[in-house]
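In the two complexes below, chain A is the common chain; its partner is chain B in one and chain C in the other.
== the complex of A and B ==
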């Protein structure tokens, strides 16, 4: 299990995502134990894809990797002390976006500014056995 | 203290179409949510194609389906054409462990039997025991697509396997049927939707 490497499935067409090659190289270079249990911000992910900051290509690449089951996305909540304090699933955030509010986990108050206080992060799922 | 500038916020994501798609697609954690997502994406592709039907004249069923699958792939959606899934399913979309299936039929010569064949292929051949969501994509070069939808709906209503028919809230050329997956006994929800490619300008 420890030696199992992450591999990105190669469908007939990779949707022209050149940035995937960059990310795949990052996975190849690193030992699985080094990648396991780590969180990557969107900015870090963009850099792993060879981009200075998140752009359309890195967002598309991230969606592709989530669909392939390589990644899980979650959001960290920035509290009033300026610290990341809570974790929200992508589903919870999408629901909040639909209704237009999120309940502050500490005060119970509805937060209308939740969009500026949630930040997407990624964690690698365990590699699939092939 | 976290330096906010080092992180990309949800607000920044929502400012771009690709960011909004990211928020929406990464939140899909059920087959039902995948079905809703695919239905919206197909609707969006159909609208684009219908804006310029002259670009799609005389195409075969397979050519139109290939074009749709390419459009999905261009959006980084894991779509496949003609993949073996109990038979050669026209479109399969995968996301995590979930799949969404669509069968395409071209409506030529007013043949509702051809559409029924597609519906039965989808629901009795391609959909596995755990599949509960799919779509019939009907391509037509004939005028008055709404009339065809009405007739197809009434035909299905008289068909004993259909338990329920409901309207689509955002597209008048679409509706849903509920029938039973014979393998599992579970309900199957199928979206029936039309791509109207009639093109005969009279000026």
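== the complex of A and C ==
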């Protein structure tokens, strides 16, 4: 079976050369079939773009791919035992940013330092971009 | 501090404060918020704001909250051991359990609500007490109350702590300020409800121990072991040597791995799977968002093992099921936690499973049935 190809519009030039470079590398290095049913941390996403670790360009490239519906972003919550115990959607995290606190999924108490507890992960959306 | 003494609420809120305190002390917030929405209550940002925005309550909401407490006592966040029964004569067990009910006891009077820590400290409890007995066409429930010491972990305000420590040791204060997070661990007494549930048709009795989600707060393995032992001891007062034939749940793990596997829209998701490969290497896969069985890494690993003559040996699994009654409820989690040692033993024997995030007894029975149906 022939592998599927990406159909994602290029980001605007104003996004900057670094972001464009990340985007091109992402298309060159990856095929949709290889990314399905996997979850990628920010570090792993940077590697998909050919970078050793995440920087502003990979972050902005990730934002662009999420805005285009290529990836879904979700967050894992690190609980007080140091374990990832719950997932949060991007919408829930946006709401928490607006309010200035996240509700602890176990106790129901408000956490103001929630940003250090949430870790973004990316999962490929099916399959309108291919 | 109990929620119901924190603020003077309007009288209509005071009427349900016992229910709210019970749900707050027993349910994880995400489950509780889904429950509150389902009974028609507005949910705010956390417990405090939710209670503050309660509207005028009607009789139906009060009854729904009361039902939720009764249901959660039976099925919420439990460590479960199952026993095959020697005989199907249950009426004498019910009669004897009823004889043990002490209607003057504070624990019996407080059922189906949870007492706060201050109230629990006033009660002398040496062993679990029978507080409620119920029978329907399918099951017999014997409800036992006690208290358990749990560890509650809380993030501390670093600045306040550093200021307090700074008066004694500047170095310690600096260490606190430079740390990522400071967590305090507090021992708290919680009102626990443990259950003996006799399934008439299956001739199985389950001992269900309250573990309070076992994340925060938490109980350690020996404490759960001790709780199971004390329930068995108490039951021996009613019928000696009745709960002796404990069921080995290990054979169900392999069957659960293939649950709904042939269906495109899988209702149940496998979120954790641990197994021993034929080369003797242990693998543990975990996926909170999705199903490990769909992960290419998992499929590739299993495909590689297919080429070998020896099959993989599973020892650990967690499956999440959607609630049948409450669609908006987070997934009910069923876990059979084994260890590598279990997988390597000649006759693997696993006596315990945990069920968390379950709100209704009917869902609990449906989920545990998935295990019992896969034991052969």
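To be clear about the criterion, the second predicted complex is superposed on the first by the 95 of 130 C-alpha atoms of A that agree within 3 Å, B and C clash if a C-alpha of one lies under 4 Å from a C-alpha of the other, contacts with A are read in each partner's own complex, and residues count from 1 in each chain.
Throughout what follows, contacts are C-beta pairs under 8 Å (C-beta built on N, C-alpha and C of every residue); 3 or more make two chains touch, one makes a residue touch a chain.
What you see is a predicted model, and the numbers here were worked out from it, not measured in a lab.
> Quick one: on chain A, after the overlay, do chain B and chain C clash, or do they fit? Just give me the call.
By the criteria stated at the top, chain C and chain B fit after superposition, with no clash.
> Have a look at where A:126 lands relative to chain B and chain C in the superposition and call it first, second, both or neither.
neither
> Is A:108 touching anything from chain B or chain C once the two structures are fitted on A? First, second, both or neither.
The second partner, chain C, only.
> After lining up the shared chain so the two structures overlap, which partner does A:94 touch, if you call chain B first and chain C second: first, second, both or neither?
The answer is first: A:94 touches chain B but not chain C.
> Based on the superposed arrangement, let me know which partner A:84 touches: chain B (first), chain C (second), both, or neither?
Both partners.
> In the overlaid three-chain picture, which partner chain does A:116 touch, first (chain B) or second (chain C), both, or neither?
Touch partners of A:116: chain B and chain C.
> Can you tell me whether chain B or chain C touches more residues on chain A?
Partner touching more chain A residues in the overlay: B.
> Please state the minimum Cα-Cα separation between chain B and chain C in the superposed model, rounded to the nearest whole Å.
10
> Where on chain A do chain B and chain C both make contact?
On chain A, the residues that contact chain B in one structure and chain C in the other are 81, 83-84, 116.
> Enumerate the contact residues on chain A facing chain C in the complex.
Against chain C, chain A makes touches at 34, 36-39, 74, 76, 79-81, 83-87, 99, 101, 103-111, 113, 116, 121, 123.
> For chain A, which residues count as touching chain B in their complex?
These residues of chain A touch chain B: 11-13, 15-17, 41-43, 53-54, 56, 59-64, 66-69, 73, 75, 78, 81-84, 89-91, 93-95, 97, 114-120.
> Would you pull the chain B residues touching chain A in the complex into a rising list?
Interface residues on chain B, with respect to chain A: 1-2, 4, 6-14, 16, 18-19, 21-27, 29, 73-78, 80, 94-97.
> Quick check on the complex: what are the chain C residues that touch chain A?
24, 28-30, 32-33, 45-48, 50, 153-155, 180-181, 183, 213, 215-216, 218, 287-290, 294-297
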